[in-house]
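The structure that follows is given in the form of structure tokens.
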Amino acid sequence: MQDVEALWADFATPIKTADDYINSLRGRRMNVFFMGERVPEPVDHPVIRPSINAMAETFRVATERPNFATVHSGISDRQINRFLHVPVSPAELVAKHEMQRELGRRTGTCFQRCVGLDAIGTCHSVTFDIDAKNGTDYHRRFLAFLKRAQAANVVIGGAMTDPKGDRSKAPHQQKDIDLFLHVTKRDDKGIYVSGAKMHQTGAVNSHWLIVMPTMRMTEADRDWSVVGAVRVDAPGLTYIVGRQTNDTRIVDGGAMDAGNAQFAGQESLIVFENVFVPHAHVFMDGEWEYATSLVERFTTYHRSSYVCKTGLGDVLIGAAASAAEHNGVEAASHIKDKLVEMTHLNETIYSSCMAGAHQSKPVASGAYINDEMLSNVAKHNVTRFPFEIARLAQDIAGGLVVTMPSEKDLQNNEIGPLIRKFLQGRDGVDVTDRMRILRLIENMTIGRNAVGYLTESLHGAGSPQAQRIQIARGMKLDEKKARARHLAGVAQSHTGSK
Amino acid sequence: MQDVEALWADFATPIKTADDYINSLRGRRMNVFFMGERVPEPVDHPVIRPSINAMAETFRVATERPNFATVHSGISDRQINRFLHVPVSPAELVAKHEMQRELGRRTGTCFQRCVGLDAIGTCHSVTFDIDAKNGTDYHRRFLAFLKRAQAANVVIGGAMTDPKGDRSKAPHQQKDIDLFLHVTKRDDKGIYVSGAKMHQTGAVNSHWLIVMPTMRMTEADRDWSVVGAVRVDAPGLTYIVGRQTNDTRIVDGGAMDAGNAQFAGQESLIVFENVFVPHAHVFMDGEWEYATSLVERFTTYHRSSYVCKTGLGDVLIGAAASAAEHNGVEAASHIKDKLVEMTHLNETIYSSCMAGAHQSKPVASGAYINDEMLSNVAKHNVTRFPFEIARLAQDIAGGLVVTMPSEKDLQNNEIGPLIRKFLQGRDGVDVTDRMRILRLIENMTIGRNAVGYLTESLHGAGSPQAQRIQIARGMKLDEKKARARHLAGVAQSHTGSK
Amino acid sequence: MQDVEALWADFATPIKTADDYINSLRGRRMNVFFMGERVPEPVDHPVIRPSINAMAETFRVATERPNFATVHSGISDRQINRFLHVPVSPAELVAKHEMQRELGRRTGTCFQRCVGLDAIGTCHSVTFDIDAKNGTDYHRRFLAFLKRAQAANVVIGGAMTDPKGDRSKAPHQQKDIDLFLHVTKRDDKGIYVSGAKMHQTGAVNSHWLIVMPTMRMTEADRDWSVVGAVRVDAPGLTYIVGRQTNDTRIVDGGAMDAGNAQFAGQESLIVFENVFVPHAHVFMDGEWEYATSLVERFTTYHRSSYVCKTGLGDVLIGAAASAAEHNGVEAASHIKDKLVEMTHLNETIYSSCMAGAHQSKPVASGAYINDEMLSNVAKHNVTRFPFEIARLAQDIAGGLVVTMPSEKDLQNNEIGPLIRKFLQGRDGVDVTDRMRILRLIENMTIGRNAVGYLTESLHGAGSPQAQRIQIARGMKLDEKKARARHLAGVAQSHTGSK
Amino acid sequence: MQDVEALWADFATPIKTADDYINSLRGRRMNVFFMGERVPEPVDHPVIRPSINAMAETFRVATERPNFATVHSGISDRQINRFLHVPVSPAELVAKHEMQRELGRRTGTCFQRCVGLDAIGTCHSVTFDIDAKNGTDYHRRFLAFLKRAQAANVVIGGAMTDPKGDRSKAPHQQKDIDLFLHVTKRDDKGIYVSGAKMHQTGAVNSHWLIVMPTMRMTEADRDWSVVGAVRVDAPGLTYIVGRQTNDTRIVDGGAMDAGNAQFAGQESLIVFENVFVPHAHVFMDGEWEYATSLVERFTTYHRSSYVCKTGLGDVLIGAAASAAEHNGVEAASHIKDKLVEMTHLNETIYSSCMAGAHQSKPVASGAYINDEMLSNVAKHNVTRFPFEIARLAQDIAGGLVVTMPSEKDLQNNEIGPLIRKFLQGRDGVDVTDRMRILRLIENMTIGRNAVGYLTESLHGAGSPQAQRIQIARGMKLDEKKARARHLAGVAQSHTGSK
């Protein structure tokens, strides 16, 4: 266990504040690439920094509103950041979702800490189940890991999505076995894993990663059925930060043009090359039968976590209302009606997420998991409504949202005054404020944070079809058919189903 | 109080079973009209009876599943039917909604007892508030009334919607002052009211009616600001039962053609001509300032009660799945996809209703009321999704749903065999069963119970625009604008709003 | 050919007026059943008569507006009713669609003469193609038949939809070979056919029927590959008229309750038992290879014929606007907005239909056929938008549309005055007029003519999935992919497609 | 007229090819700004150049397919580029729309030449009408101008949208009279105009601009009621090119990251400071009564011109189909169904646009104008369906579309091979090709050309509410109400309307 102590040595001083968190990221030796170049210090990289700021808000909210964003953990018997907590009641899932919406409002983007949170909840119950069946030691290991993490207040990232290669083939059938992350070697100290994880949210901004299988496994996929925790700076890890629409505008245009200069999301491709995981941090190794329930529990948690998008929705509704005010049209009935529609859609998403939290049920480990049907329904609404909310926001904002001069034009002595003259809206509205609000709308509907508000809403935690498959599984057609037959006066089923 | 005792004398023996309930309706002297004729005994009227059957299910579910549909009342300190209970916790509102969905599944129609239930909850808190302010005695009176009702297990109808006449005028401004129900006389025994209530659900099937104002009142509308309870057979009352699409098919076509022969809804126009209300049953008389909160609380309760439509949705999804099975196409991907979509929409409604129940809050009287925003959002979804679910059900069912021969054709010796020959579907499916399921789909999408599933879903508890107005009131634009300004880097509001 | 002369003898005097048409239907010996009883004279049956009235409008429009609804035929070299004309230019298809919309406006229902019209167009070109390939005589026969029909101005019904039985099997594989209509015998005078046709629009109101195969045939299905014309009163034919929602209200409630007392649609199951077709009226017998093009051409014509629903949409928009006016809310912005939305959807359908007519192309016979892609797109919109238009109409109408007393209540001395008192709307609006408009809305959205406006819009001329299959066939993905590759800078396809 | 000759001297050699066109833009002295800096030569500016390339395609298509993109003009009696032609038949409007769709397919963006085309058509008829009424000389002037333009084959931009300032005030009531472009001086040579035009499509890439009023004028707005043509390099003009999402990616990322490296749109703010217009180029000066019909005719033309977006839709459908193929999921039923839905929506837009062209009508000058209702309906569909098509494209593409490494990462020796290893899709698909297609989808749905495909589809040629106002004006409610009354049996209108 000495090794494990060493791995945790850097985290001896708990992270308390947002500043602590940002400092904790400095000086790490990580292989991070962006746009073809190695990034020596991500904290100072202007394109990456906004994503770190967003993550930092998960710390800030906890210091500013401890009753809201911290909770007592029975595992470590201390008050901890809610992002490190395994929910053990519906009320805690409800509180989690309220916190997620609030962080959506604070950042207007993806604050990246939910994947790890949902990974924790999932591992808690799956390790419990494996041990109960097999007499293994995973749950105790996991609790020990989590206790340390809670004490240190670190950021845990969850890494699930493998590249998958040929989707008609199982992991062990792939031409290139690395297309799913797998164990390459085992020794008395631990295991070694290779492969890659795609679309990894906030990975560079994390301290630890929990790797998990991405789908159902078969017996032949034992080596691919692995769960474990590694430090993000473990040898053998490489991060390639993905490009986002408009990501460099913060560099070439400045804060105003960026729209939301302070906050953004982040997703990377992470490559694993024989990355070592000490036994203490291995939470599944070969128990392929549990891959399905792990994935289902994770997605059930995580689909509801998309309640955060209602926080972004709040911001976008507010921005649209401000733009209408700047244009002097906030009293027009069609404008008010569009704001109502946006709110209605946003609150419909919220209600689906919250209903699933309130109706969560415990599993054997004592952890509570959102209602599966409602969580899928919630996420499925997330794959639709933000697109309509964004369309309505652009409708209200007007065409200027995509034809506007840049901040640098405004600063130019020759044309700056012309812009100020011709872009004046309603009396008393500062032109730069009008432009800032429009840039925010651009940012969220067609710019950098549209990545999180729109595309990620489609694909994060599973694409629309994944939810439809789960809804199909849970829709209890036999019961429904029996009800119909009863009312129609049909004596019994003719086709074998009840 | 002697009068009041007399009024309750008929209810000395509590109603226990569905049969008790049906018997309790017999032999009353009521002025009931349908299709231009006086109905001597509604219980035996073939068109009205299905609506009585539906109401009777609210008693049957309580005897069959007492843990589910009865609850302990602190008011009468006894176990009562949940339809007579004032909810005093979120869990009780949740249980109410589960019961409503189940009754939707059992009947495939409107079972009519929710209006009274939601009237009770509303009166509980509004009388409490009036008394607290004015030192009146309404709350005690109401509790006494409710205690008797709970003991007797009677059906209470809620009567809210006035004819309204010229909608641009207040009640006292109408040419005909009867266009809003109002007090015509007061004496030492009680008050007398005249006017009418429209679209009254299940009124003929009730024992008592609580009249309530339908909208905001002004000081000049004191006489119109009245709440009270009357027996449905009180002198001066006339009921004109409305026609429903296909209502007489049960008479001309038989059970199969009816689609759902056993259950239907019912709505009447009730005319009040100097109907007496003893003081003990007067719960508001002139306190016009409370009309608004009464209406808002009632609609907040009642909009969430439309969760019942998800029970109808369950039946319709089941019917569509059965029809697909009968046609041998249940495995076609587009059929499965449509069933998933129907389920997704149905569960979205459910989630909005349930979230509002879980997030209910207490008012001064101790009663819990659903979250107002979510209740409006839920009902607004009810004004949309059942229409799409119905469209998809018809899509799956095929055109036969509207071109099918009648049961009487099937019974004809000459053509019956031809129908059996040519309407055969998948092997092993009985033709009459196939026809029954299609008739049920007709019944719910374009027939008698489409009234409840579609049109009532639009207009019951307030038309779509009413919800939009409430959503607009609750959408907190100032908060949202502040969030947007913060992220956009705008220092402060320029227009006075925060 | 003597037989054929005899068959046409009854039509020696051309039908000129709507009255002529109605008289022409009297006194025929047909086996017509409705609700289990033989109908001795359909013209006098109160439930069937409105469908005859609707058909009669196709004659009335021709006498009232000859320039609009008649056209010169090159086949018979005379001015004929447009419903008997084979279109030989885009302008004629455009004129056809304008006439269909107008008849939708005049009747508010299905006027039933389009199926035969589209059958004529289809037979014109398919017989031409068969003869060109095989040297057969079908086209000349067909022209002779059509010439007589044009001269007599008879109503031709088209009969396509077979019962189909087990949908996974071809006609010749069915357990019961009658599940597809087929030739049972051939002799020197003609052929004999047995089977059935379902959902047959206006069959009882026609003079002749053209039977056609319903889908692709295989070589083994030769006997099922048959096209021919028979008189509707030919021996061996039985008609079972289907029930429609609310069909008997005209009987039990009267004109006001019916909503649209004058007009309705009609669909029957037609059974064929060894029905004789003289050679002169056989237009295909065994040429199975042409069944596919026959079906595709027919559906291409017929899907565009659903432009008639925009005429119904006009009526429903007008009714909703009237209801709003009666309620005194026609100036409310949300009401106006809903009328705009209804119009937008209605005109979108219109535009799809008209574009396909303008972009029609000739086939070998010289007949013009609508653009196939646009015709499918048009019909696919018809499967969606009328449902939303109907929902909005009900939204505007208010709940009274389903809770209203009957006309008989209005006539009752006791309650009639109460209804007049309490149902008064805006000043100066007659209560009965208000009720009539609401009954019309009921009729079209949830009553008898909702059958035509909604369900038939889904399934007539092929269910939604049928259009999707045709759209998929025509969507030219290879061309589109090539365009995408070009812009993306991808050199060539990697998967074999261009 | 000498001045005018001088103005045209530079265009003595007609532009024939795309290369000619690009060369014609070089070396002009224009005040063009982008991102705060003066752009010395827009042709060589990497961000601006793709918009020039897109415009150049309007020349290339004419040389490659002269029958398709050129037409004989009766005005100059020569074969000209269709973008300079006033349509004088429905067939020419149809051909115009086919050309616009094709250019959408060729460029995947806005090719910018339609505004000028639609301005020409509008000026043709409005000048005719003014002269007919007032005996002025505008039409002859306009024809002379157009004849020169046709001969020279120049690009004409249309400049309509004024800044508008306080939208509740008329032009002459604005605090700053420059907020609408107006005449500042008149002398014997011509007039001088000041003000600004916003969102001007392709202005920098044009040779001439026609300024037009943006809305209804009053008598007091005479000086603001001005139409005239100026060279884009006229003294007093300043162009500020607006920023577009992702516009600089072509610079920082390279061709692959740009998605569509070759083509993009362009919109500018143009400031006019006492810009001289010789009398020969003044087509309206003070005739305020004609501003309304000018705007309505222009928008009627221009709303239908949005048929170009169906060309972009073709590209996006093709890209999504390619992405599905690369992922090996092109046969999945939900993928096929989404491609069908995208096609259905795209063709619905097309059909609305084409129907309006086929049903165009001539005005007094002989020019044909699209049907106004259908043109508004078409554009209104454009404000909705591209958003859903884009959502479905992203759904099919998968999350990689927003998390993908850059081309520079691919070129890096260390991580390039990792990307190639882990981003492999279906066998035989080149990783860079897969990435290119995904970048194209990013480009069109959330990147630079989403500006044109989405936001411009909302606001170009008028925002959604503008179309709703026009639909409301044209929806003939009185006729529709009369139809409803007729069918409902209501004798006559009670409210004064027919």
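Things worth noting here:
A, B, C and D are the chain letters, set down in written order, and residue numbers restart from 1 in every chain.
The rule is short, and it goes like this: a residue touches a chain if its C-beta (ideal position, glycine included) is under 8 Å from a C-beta of that chain, and two chains touch if they have at least 3 such contacts.
Because the structure is a prediction, the values reported are computed rather than measured.
Compared on C-beta pairs in contact, A-B and B-D come out with A-B as the pair having more. Both chain C and chain D derive from one sequence, and where they touch, over half of the residue numbers involved are common to the two copies.
Separating the centre of chain A from that of chain B, both taken as means of CA atoms, is a distance of 41 Å.
In this assembly, the C-alpha centroid of chain B lies 53 Å from the C-alpha centroid of chain D. Each of residues 334, 337, 426, 468 in chain D touches at least two other chains.
Residues of chain D that touch chain B in their complex: 333-334, 337.
Chain A makes touch with chain D in their complex at residues 33-37, 163, 165-168, 176, 178-179, 196, 198-199, 238, 240-246, 248-249, 252-253, 257, 267-269, 271, 327-329, 332, 334, 383-384, 387-388, 391, 394-395, 398-412, 414-415, 418-419, 421-427, 442, 446-447, 450-451, 454-456, 458-460, 463-465, 468. The residues of chain B lying in touch with chain A in their complex are 94, 105-108, 255-256, 259-263, 314-319, 321-322, 325, 336-337, 339-340, 343-344, 347-348, 350-352, 354-356, 358-359, 373-374, 377-378, 380-381, 426, 428-430, 433, 436-437, 439-440, 468, 471-472, 475, 477, 479-485, 487-491, 494-495, 497.
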